[in-house]
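Given below, in the form of C-alpha cells, are the structures.
Two complexes are shown next, each including chain A; its partner changes from chain B in the first to chain C in the second.
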Partner chain A sequence: MTRVKPKNEYALTAIVFLAPTVLLLLVFVVYPILESVRLSFTRWTGLGQSQVYVGWSNWLRLLQDMVFWKALGNNLILALLSILIQLPIALALALMLDKGGRAMRFLKLAYFIPLLVSSVAIGFLFKYIYDPNFGLLNAVLNGVGLNNLAKSWLGDPSLALYAVLAVICWQFIPFHMLIFQAALASMPAELHDAALIDGATENQFFWRITLPLLQGTIRTAVVLSLIGSLRYFDLIYVLTGGGPSGSTELMATYMYKQAFSSFNFGYGSTVAVALILVVLLISGVVLSLTKRFQTEV
Partner chain B sequence: MNHKLLAGLGILGLVAGASVLAQQKKEIVFWHIQSSEPGLSLVKKQVDRYMAANPDVNVQVVPIQNDAYKTKIKVAMGAGQGPCVFATWGGGPLFEYVKANQIIDLTSLLNENNYKNRFLSASFSAITFNNKIYGVPVEGVSISIFYYNKQMFAKLGLQEPATIAQLVSTANTLKKNGIVPFSLANKTKWTGSMYFMYLVDRMGGARTFINAATRANGGSFQNPVFIRAGKMLQDWVKAGYFNEGFNGLDYDSGQSRGLLYAGKAAMELMGNWSTSIMRSENPAFATNVGIFPFPAMRAGGPAGNVVGTVGDNYYHIASNCKHQKESFEMIKFLIDDQAVTERGAAGRIPPVKSFKPTDPDLKNIVELVNNAPGTQLWYDQYLAPELGEAHKDTTQALMGLTMTPEQAAKIMEDTAKRLAGK
Partner chain C sequence: MARVKIHPLIWVLALVWLLLTLLPFWFMVSSSFKTALETYTRPVWALPLSPNIDNYKAVLSGGFFRYVFNSLLVVSISVTLILLLSAMAAFVFARLPYRPAKPLFGLIMAGLAVPVHVTLIPVYSLTTRLGIYDTPWALIGPYVAFSLPLTIFILTEFVRQIPRELDDAARVDGCSPARTFFSIILPLTSPGMASMGIYNTVMLWNEFVFAFTLTASPNQRTLPLAIWEFQGQYSANVPAIMTVLTMTALPMIVVYIFGQERIIKGMMAGALKG
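For the complex of A and B:
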C-alpha cells in the first residue's frame, strides 16, 4: 500500500522556498511602487520628515508641464523608431546567421559583442566617436569628402535624439537578433524540406511559413523594445544628460532630474508614477492589438 | 520526512544572517569625494593621525566618486542612514539639509578658542544661514579664471585682456587666425554658466544677482542686466567665439581641454582646479599655460568679483550622529597645520589665513581672491536646487540659441516666484 503524502506538507515546502523571492519582490518592487504613488501626492525635498500632502497639485502641474510632454514625445519617437529599425535588421541578421551555418560562427560572436558592453562604457565610446573636433565619425566623413555631412552630432538639438537613437540601435539589435535566432533554430527542418517538395520558393517559404511562425517571437520583441524604450535612461544620462536644451530629455531622465538634482522628490515621484502608467497603458494596448490580429498557423 | 527536513533547512537559511558583533570602539562613518589622488591620501593620512591620537575611535572613511556621491548622499540622508561626517559644496542644496534638520549647527564649536579665525573669512559665506555656521571649510579655493595658451598669444602678439572690449578684440584676432577663442564643453552646463555669471557681475555688479536671488530690494531675474548679459553671450556664440557643438561636449571627459592641448582653441574659462588636472594630464602643456581674471567692464573701472567658492568642499556633521564632538575633532585634523602643509605641497589652496603658497600659479590665485572686493558663489550652488537647475538649463539653451534672453529671464523669474511662494 502506498502512503499518500498529505498536501499541506508540500504547501509548507512551497511557501518556504517561495518566501525569499516573494519577499524580495515585495520589498524591492511592490513597496517602492506603492510608496512612489503615495509620494506623488506630497511635496518633499527628499530629506528629513518634511513631507507635506498636497493633493492633486503635482498631477495638475504634470499635465501642464511642457518638459514632461516633450519627454514623453521623445520616448514615443524612440520607441517607434527602435521597433522599426531594430527588429527588421535583427531579423535579417538572424536569418543570415541561421542560413550560414558554421561559416557564420565568427560573425555570431562578433554581432553579440555590443550586448556585453555596459551602457556607460558605450556612452563614453560614442561620446568620443561623435566629438565634432576629434571624433571618428566626422574624421571619416571629412576623409571621404563628405564635409557637409560632418555635424556636431550631440550638440545640435535637432540631431541629438537621432544620434543617440543610432547608438541605442547598435546596442540592442544583437539582443533581438538573439531572440530571433533562437526561434529560427527551434523551427523543425522538415517544414522547409516539405515546403520545397511542394514547390514553394525560398521567398514564399519566408513570407508564408517562417514569418507567421515567428509571430509570437516578434510580438515579444516588439513589447520588449517598447517597454525598454519607454523606460530608457542610462545611455542618455551619459551621452547628453537630456540636453542640449532638453532635446533628448526622456521621462526617466526628467524624473531623475526632478528627484535628485532639483530636490523635488514629490514631483519626481509623480513623473515616475506617470511613467509606470504610460508603460502599462501602451504595452497593454499593443499586446491586445497584436493578439487580435494574430493569424492562426 | 524529506520535505520537512528541506523546509527546516530553508527556514534556517532565512533566519541565519546578521550576527551582531559587540562594538567597543566609537564608530564614525565619513563620506567624502576626494576619490582620486592626491586628495585620497591627503584625507586618509590625517584621519590615520586622528585615530592614532584617539585609539577609542574608529573612523570608517568612504571615498565616493563626485557624480555618484550627489545621488548617494541624498538617498542615504533621506532615509536617515547617512554618515556622521560628509562633504557638500555649500549654498542652496546645503540649506535644504539645514531646513530638514539633518545637520548640526557648528557655531559654538567653531568659536571655541577662536578656532574660526584660523580660516579666511570669505570661506564661511556659503555655509552660514541665519548667522549660524553649519560646516568647516577644508578642501580648497575654487574660483573661475581664464586659462590661455601663452605661446599662441605671444605668436599672435596678444596681451592678457584687461577689459571686455579687449577680450572681444583678442577673440576676433584668434578667430581670424583660424583658432577657436574659447574652448567650452557644455553638456555639463555649469561650464557655460561661468561666462553668464561673470557678464552679469561686470554689467550690473554683485547686487543684481543677490537681490534677484534673495527677492530683496525689488530684485528680479528679469532685470535688464540679465537680458543684456544673455544677449552678449549669444553675440559671442554667433560670432563663433566658442568651438562647434559645445553643448554636446562633456567637461568631465576632457573634451574641452582636448581643444586647448591640440592648439585648436586658445582660452578656457574654468575653475582653478584645472591647474592640477592639466599638470597631470599634459605636463608639457601645463608649463605653457597662463591665467588671467575675467576682465573688467572698462579700463580703470571696478575689477569686479571673482566667481567661485572659498573653502569648498565643506564638511558637516549629521544630526543623528552619535559622536558629534569626536567628529568635529576629526575634521580639525583634516585642516590642522600639518594638513595645511601637505595640502599646499600637493597644489591645493587650503582656506586658512596662515597659508603662504610658494608655487607661482597658486600665488596668483590667492592674490586674485585677496584683491577681489568679494566672491560670488556659483549660481547653481547659491540658488535653491530647482532654481539652480533652471539657471543651468536656460543658460545652455541660451548658448544653443534655442531660447532668447527674455525667455530665459522669464523662466528664471517664474521659478523664483513659485519657490518663494511655497
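For the complex of A and C:
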C-alpha cells in the first residue's frame, strides 16, 4: 500500500527550502529599494548625519537638473547606437562562424576573451590605448600616415562618448555573436537544403528564412542590450568618470558621484530611484512593442 | 555539415575582428615587459627590448596575493551558496504543489530588472551597521542575493526537464520531498549547476560596484580593485600598470584555456535568459 504524503509536508519543505532565498532577497534587494525610495525624500549628508525629511524637493530638483537629463540622454544614445552597431556586426560574425564549421573554432575562442576580463581592467587598458601622447591608437594612426585623425579621444567632449561606445561595442559584440550563433546552430540544416533545391539563392535564404527565424533572438538581444545600456557603469566610471564636462555622464555614474563623492545620500537616492523607474518604463515599453510587432509579422 | 561558400567580405570582417580583439591584449602584455623609459623613447608597438620581468616581481611582492585570496574567498563562498539555494528553490518551483510558489516565482524574476545602483546606499549603510564594512564578508550577501533570480530561473527550467517518474518512484518508495531533492534531483541537476557555477564565478570574479563601495582598505579588497592601489603607486609607469592588468586578467584566461567549450557554454546559459 502506498502512503499518501500529507499536503503540509510539501508546504513545510517548500517553506524551509525557500526561506533562505526569500530572506536574502528581502534584506539585499527589497528592503534597499524601499529604503532608497524613502531616502529620496530626505536630505542626508552621510553616515552619522541626521536624515532630514524634505518632501518632494529632491524630485523637483531632479526635474530641473540638466546633468541628470544629459545623463539620461547619454544612456539613450548609448542604448540606441549599441543596438544599431552591435547587432548587425554580431550577426555577420555569427553567420560566418556558423557557415565556417570547425575551421572557425579558433576564431570563436579568441573572440570570447573580452567577456572574461573585468570591465575595470578593460577600462584601464583603453585609457592607455586612447592616451593622446603615449596611446596605441594614435601611434597606429600616425604610423599609417593618418596623423590628422589622431585625437585626444577621451579629452574632447564631442568625441568622448563615441570613444567609450567603441569600447562597449568591442566588449559586447562577441556576446551577441554567441547568442546569434547558438540560435543559428539550432536551425535545422534541412531548411537550407530544401530552400536551395527550390531554387532560392543564399541571399534570399538569409533575408526570407534565416532573418525571420531569428526574430525571437533579435528581440532578446535588443532587450538585453537596452537594459544593459541603461544600467551601464563600471567601464565609464573607470574610463572617463563621466567627463570631460559631463559628456559621458550616465545615470549610474551621476548617482554614484552624488552619493559617494559628494555625500548627498538623499539626492543620490532620488537619482537611483529615477534610474530604476526609467529601466522599468523603457523595458516595459520595448517588451510590449516588440511583442506586438512580432505578432503582426 | 555541408560547407557553404562564404562571402569574401565576411572573411575580411572576421580577420579584422580577430585583430581588433587581440591587439589591445597584445599591447597590454607586451608593454608589461618593457621598462618605463622604453615606453617614452620607443614606439608603442615595438617589442620589448628585452623581456624585463622586474614589473612582475614588483607587483607580486606588493601584496597582489592578498587580492587573489580575497577574491577566491568571496567568490567560492558566494557561488556555493548561490548554487545550493537556487537548486532548492528550483526544486520547489518545478516540483512541489505549493500554492504561493507561483506568485513568488514571478516576484523573484522581477529581481532580474533591478539595477544594483538602487540598492547601493541602503546596502552600504546596512553593512556599516552590521560592522562588516570594509571586510570581504560584506560582499557575500549582495553577491548571492543579486545572482539568485537568474540562477533560480535557469535551474527551474532545468529541473522541469528531469522526468517526473523519478520523483514519483521515490515517493512511492516512501522518500520525503527533502530526501527526493538531495538524493535524486540535486545529482541530476549538476550539469545545470555546473553551467551556472561557471557563469556566476566569472561575473563575481570581475564584480566592481559592490566591491568598490563596501570595501576600502587594500588588504580587504578583491582582485578587480588591485589596479587602484597600484595606479596610485605607479601612475606614470605604464608598464607597471599593464603588468597589474595582465595579472588581474590572467587567472580567468588560464582557467579558460583549460575549459574553453564548457566556459562558453556556461556563460551563454546564464546570458541567454538574462
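Everything below uses one rule, namely that the second predicted complex is superposed on the first by the 289 of 297 C-alpha atoms of A that agree within 3 Å, B and C clash if a C-alpha of one lies under 4 Å from a C-alpha of the other, contacts with A are read in each partner's own complex, and residues count from 1 in each chain.
The definition used in the following text is that a contact is a pair of C-beta atoms (placed from the backbone, for glycine too) under 8 Å apart; a residue touches a chain by one contact, two chains touch by 3 or more.
Since this is a predicted model, take the numbers as computed values, not measurements.
Novice: Taking the superposition on A as described, I'd like to know which of chain B and chain C A:17 touches: first, second, both or neither.
Specialist: Touch status of A:17: both partners.
Novice: Pick one for A:240: touches chain B only (first), chain C only (second), both, or neither.
Specialist: A:240: touches chain B, not chain C.
Novice: Mind working out whether A:68 is in touch with chain B, chain C, both or neither, as first, second, both or neither?
Specialist: In the superposition, A:68 contacts neither chain B nor chain C.
Novice: Between chain B and chain C, whom does A:41 touch in the aligned arrangement: first, second, both, or neither?
Specialist: In the superposition, A:41 contacts neither chain B nor chain C.
Novice: Let me test your reading of the model: by the given contact rule, A:119 touches which partner, first (chain B), second (chain C), both or neither?
Specialist: second
Novice: One more residue to check, A:180. First (chain B), second (chain C), both or neither?
Specialist: Neither partner.
Novice: Looking at chain A, which partner touches more of its residues: chain C or chain B?
Specialist: The partner with more contacted residues on chain A is C.
Novice: After lining up the shared chain so the two structures overlap, which partner does A:172 touch, if you call chain B first and chain C second: first, second, both or neither?
Specialist: So A:172 meets neither chain B nor chain C here.
Novice: Could you tell me if A:139 is touching chain B, chain C, both of them or neither one (first, second, both, neither)?
Specialist: second
Novice: Going by the contact rule set out at the top, does A:273 touch chain B (first), chain C (second), both, or neither?
Specialist: In the superposition, A:273 touches chain C alone.
Novice: Please write out, lowest number first, the residues of chain A touched by both chain B and chain C across the two complexes.
Specialist: Dual-contact residues (chain A): 5, 9-10, 13, 16-17, 20, 47, 124, 128, 134, 260, 265.
Novice: Flag every residue of chain A that touches chain B in the complex, lowest number first.
Specialist: Spelled out, the residues of chain A in touch with chain B are 5, 9-10, 12-13, 16-17, 19-20, 43, 45-50, 124, 127-128, 130-134, 151-157, 160, 240-241, 243-246, 257, 260-265.
Novice: Which bits of chain C are touching chain A when the two form their complex?
Specialist: 1-4, 6, 10-11, 13-14, 17-18, 20-25, 27-28, 31, 39-40, 43-45, 85-86, 88-89, 91-92, 96-98, 101, 104, 108, 111, 113-126, 128, 141-142, 144-146, 148-149, 152, 171-172, 174, 176-178, 181, 202, 205-209, 213, 224-225, 227, 231, 238, 241-242, 245, 248-249, 252-253, 256, 260, 263-264, 267-268, 271-272, 274
Novice: Which residues of chain A touch chain C in their complex?
Specialist: 2-3, 5, 7, 9-11, 13-14, 16-18, 20-22, 24-25, 27-29, 31-33, 35-36, 39, 47, 89, 92-93, 95-96, 99-101, 107-121, 124-126, 128-129, 134-136, 139-140, 143, 170, 173-175, 178-179, 182, 189, 192-193, 202, 220, 224, 227, 230-231, 233-234, 251-252, 255-256, 259-260, 265, 268-269, 272-273, 275-276, 279-280, 283
Novice: Applying the document's contact rule, which stretches of chain B touch chain A when the two form their complex?
Specialist: It comes out as residues 3-4, 6-7, 10-11, 14, 70-71, 74-75, 77-78, 93, 96-97, 99-102, 186-189, 243-250, 253, 255, 258-259, 262, 264, 384-386, 389, 393, 396-397, 400, 402-403, 422.
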